[in-house]
């Protein structure tokens, strides 16, 4: 084990996978100088500019080229900088990457990882703050991952790179500096795709959450008046760990889903609908969701705050359920 | 440069030899004749099958454009890759794909090239390096470029050829993909099949500037124009461009002018162009031109007729086999989605 | 009233709005020859090629140009041909059209309608069959409409054109030939955005649905063993008619949501979560959803059928709830 | 062509007159000097405010690129439109926007140009025809083209100018937007502000072919190169291009070479380029060059210093006013989303 930041954990994961498998490479803008957040710092020096490829500002082709490269056997890690810019490459991800294996009757596969940093971060406003994980969970053929801790960013990124299908990998920009223990041993640190993490046991309300909201929910749980919270970090949104969620809610009888994304049409709806259907009768309170209002993220901190879920809001919502 | 005739791998070439034009021998031209006849026969058969209700989805026929497919693909090795567009039957056949599997795919049968999952717009045959048609105009360009990128990264000598239409040059991926190919100096040959139309629209009405070649050159990629209905010209030009690409000279661009003799889709009567214009272009169509050349070169018309008859017989067989082939099992719909979610085939009920 | 097809109803709506308001124009590929489905037939003749603009194959710029044109006072109707191709224009719709009014502090507005025909139609396979209404409902700033009948396609398209904000307007390709009565009087036929339509009264189960599935659900209701269904055609997905849905489910005690889109992450989750929360305790059965499996739409009819909701499936689901 | 100096609408111009270079009079050059000094002062003040923690979001400074903004915008009428990119402060000021409202926007205050909702990357001032900066590289191009399209449709004589960087020419919208502008023959002036970098990457490393001008010309749009640090050259070239656009000659393209003297964002120390290179470019920076020209033309240096001091005072006032301005009310976050869903301001609880 060693203490690493969320950012360094991802860097180490890529470096190890690139050492292990010569087919792995990364492509995106500014990677040669470490990438916009420093997630690739030092990698060009170790692996050279061919495998840490500096690209033009061509999101559609960064993604599309990765699809072609993956189909003929390489394993690209695609850097989109901000998930918002991935909106310039949706055809390539959704019509091509996600469907190629299927459309071609299994003749080819598209083993790529597309890193799409999400979330609110330093007053970045409406075009640099979105969390659209719900979109990708809706698309057959895509795996969707949203790690909350350094250990998970290490272990899940490695699993994503080893996955034979396209993975939408959403790191949260506000988590880059977060520190945590990360298993130093390369193979033991792998985190399987599709498994949730039980963050904390509790009795009264099961909170299902992911990404940056895990910390927020933990803070809420520590507030004095908060009921006893069982916290599940979903980690992978598709496939999501239904079993872990249902087992927990069966026990607590209450479920609150918390996500940073807009609540309307967010992935919380999928979870709420599933829990509501599977545990009808076993619920002590209606399943609730807490997500951002359906407004763009504004620039001024006081306005941006309207889109933010804060611990007090989570605590209040949990209290209202018991 | 060994340039095998890949139109029917394994089949014996025509035994006629000797030069006809330039230093191209009759066998090679006859090979083109055969490839083009096979494409034409396939398209005609597919069209008839569609009228008869055996093909459910949209079909874009390449009738009139066979010379581009044949002239380019004859210069490719089986291991080389091609990426195609919605009008891809010709490219696919010329690259060596099995006609029966293609027709079965149009019919949505289990024996189809994609097991019936893709249909005409998603035909692929990875065994012969055919990485897929595409339902999205221009989307094949970045894919081709990426495949070439992977070849270069791996030090793999195979090259990639990317077919697209004149309509695709107005989509962003054209600029992005060509720029990328040149920046990374990739082994890719771009082939713009300029048939004058994008669906019902004349491309010149929606295309500014001097055209595809000038755009390619503005991105640092040399462009070579060619009469796309002259299979020999296409062959000879493509041969040189393929040689350059293989030699590491970076991406090349072939601008082939041709004409789409049929509607945009098989059910489009194309009322937006005068009958006289179409008729005029029928006089210029590549198979007749190739035949004239062969006859001029001394080939027996009976032999040529036999080639056509063989092609038609093959297409008829493809239709018959396709119609006799089983429909896929419904459970097949659940396979090849993604491993992590659906490790085995089967509906969720079955998996629960 | 006159009998019109769903397609002709939309054509008449556009023609009337173009006559009424000189700022309205349409842009897209092949519009001069009537558009790919004939939705614009005759319009170029009446309004000229400037207002029925034939564009290059440039989806990103069709959408992006419409944003700019709308910001300075014109009212573009954007034709995307198949909703799948709109995936080439997502930045323009989601980062630009939806957010401009907000980001600029209300200085400008983006009154455009983007027509995105959705749905399975004649074995069109994975890249021509998608229904992604859930995506757009998740995006602040967008109105989302999915008409099921000629009258609604007439009245809603007119309302969409008059709306001062961007509207994602999703017609279903399989409905083009559907016939129905349409109010001939231009002004009376307007259908307000955001109001559902009570298709049929019933006692046992409330079905919430939209687009092509309305017909399917009606057929299900007509099957002999089916319980008494109350059918709501949502028509507008954002904002959706919560009041109509909740009133109905309060009475029936049961709710089944049916949509053609993939169920996972579909808009049904939003409705199920909302109903489950609002009517907890008043429900006689868990809220259920019926949507497509999370697989791409396949080409072969027998495979494509796996993605289709048929009346029998709806009837069976309703039966299982009572 | 009347070409008002729009740097401070309503303000009296400098009274110095007489030609300095070509037929451009001193007043016009002095106007540029003032505009550029104001842009520089704004950027420096914004930078200091950012270091002091008053600006929360990212800021892209245009220091070193002031001549492009000033030289182009001086040729535009107040009613004309501009569309900008992430590095848009200079364009916005030069088009006549209020400095105080801009600074307040950076501070996220209620008095900001966008009421604090947008920040640096989304500054707009529709009153002076400034249709918005943009956080997405290249995204302004189709928007500008669409605004021009609407003008043409309406028979409105106003024209549109679109600013973007050399990095943006590698994105699809560049090709699509320019092709569109030419196909529809729209009144739009494209200005490529070529500062050699796209963030930390030298654009020449990721840009194939001869560059922006060749790409524009391949799309049928004539391109004119200009020394983007020579404000007079920019002015004179832009004047001619604006004249052509107004006269209905269709879209024009200005390729202005300049240099980004500061980091990509205000917090980027730009370690990826040698200090010597930056220093060399400081010697070529547009404000000093303009000053030299004015001094050569006989202008009093005291007067020039006064212009700079005025600009700095204005920027200081903008900072002071911005800091004194109220933060927006939280409820503002709920307004201007969309009418049909949220007809009035207020949170859902308040609205229920």
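The letters A, B, C and D name the chains in turn, as written, and every chain counts its residues from 1.
FYI, a contact is a pair of C-beta atoms (placed from the backbone, for glycine too) under 8 Å apart; a residue touches a chain by one contact, two chains touch by 3 or more.
Given the structure is predicted, the values throughout are model-derived calculations rather than measurements.
S.K.: Going by the average position of its CA atoms, which chain sits the greatest distance from chain B?
M.R.: D
S.K.: Applying the document's contact definition, name the chain pair with more C-beta pairs in contact, C-D or A-D.
M.R.: Of C-D and A-D, it is C-D that has more C-beta pairs in contact.
S.K.: Let me have the rounded angstrom distance from the C-alpha centre of chain C over to the C-alpha centre of chain D, please.
M.R.: About 40 Å, centre to centre.
S.K.: Distance from the CA centroid of chain B to that of chain C, rounded to the nearest Å?
M.R.: 36
S.K.: When the centre of a chain is set as the mean of its C-alpha atoms, what distance in Å lies between chain A and chain C?
M.R.: Each chain's C-alpha centroid was found; their separation is 30 Å.
S.K.: Mind pulling the chain A residues that touch 2 or more other chains?
M.R.: Residues 55-56, 58, 60, 84-85, 88, 91, 95, 102-103, 125-127, 140-141, 238, 293-296, 298-299 of chain A each touch two or more of the other chains.
S.K.: Of all residues in chain B, which are in touch with two or more distinct other chains?
M.R.: Within chain B, residues 112, 114, 116-118, 122, 134-136, 170-173, 176, 179, 183, 205-207, 337, 341 contact more than one other chain.
S.K.: What pattern do the touching chains form: line, ring, star, complete or other?
M.R.: complete
S.K.: For a test of understanding, state which residues of chain B touch chain C in their complex under the given definition.
M.R.: Listed in rising order, the residues of chain B that touch chain C are 56-58, 105, 108-109, 112, 114, 116-119, 121-122, 134-138, 167-168, 170-172, 198-201, 205-207, 272, 327-330, 332-334, 337, 341, 347-348.
S.K.: Would you mind writing out the residues of chain C in touch with chain B in their complex?
M.R.: Contact set of chain C toward chain B: 29-30, 32-33, 36, 54-60, 84-85, 88, 122-128, 293-296, 298-307.
S.K.: Can you list the chain D residues touching chain C in their complex?
M.R.: These residues of chain D touch chain C: 81, 83, 112-118, 122, 124-127, 131-132, 134-136, 139, 141-154, 160, 172-173, 176-177, 179-180, 183-184, 335-341.
S.K.: Provide the residue numbers of chain D that touch chain B in the complex, in ascending order.
M.R.: Per the stated touch rule, the residues are 170-176, 178-179, 181-183, 205-210, 214-215, 217-221.
S.K.: If you look only at chain A, which of its residues touch chain B in the complex?
M.R.: 23, 25, 50-51, 53, 55-56, 58, 60-61, 63-74, 76, 91-92, 95-96, 100-108, 140-143, 163-166, 193-194, 238-239
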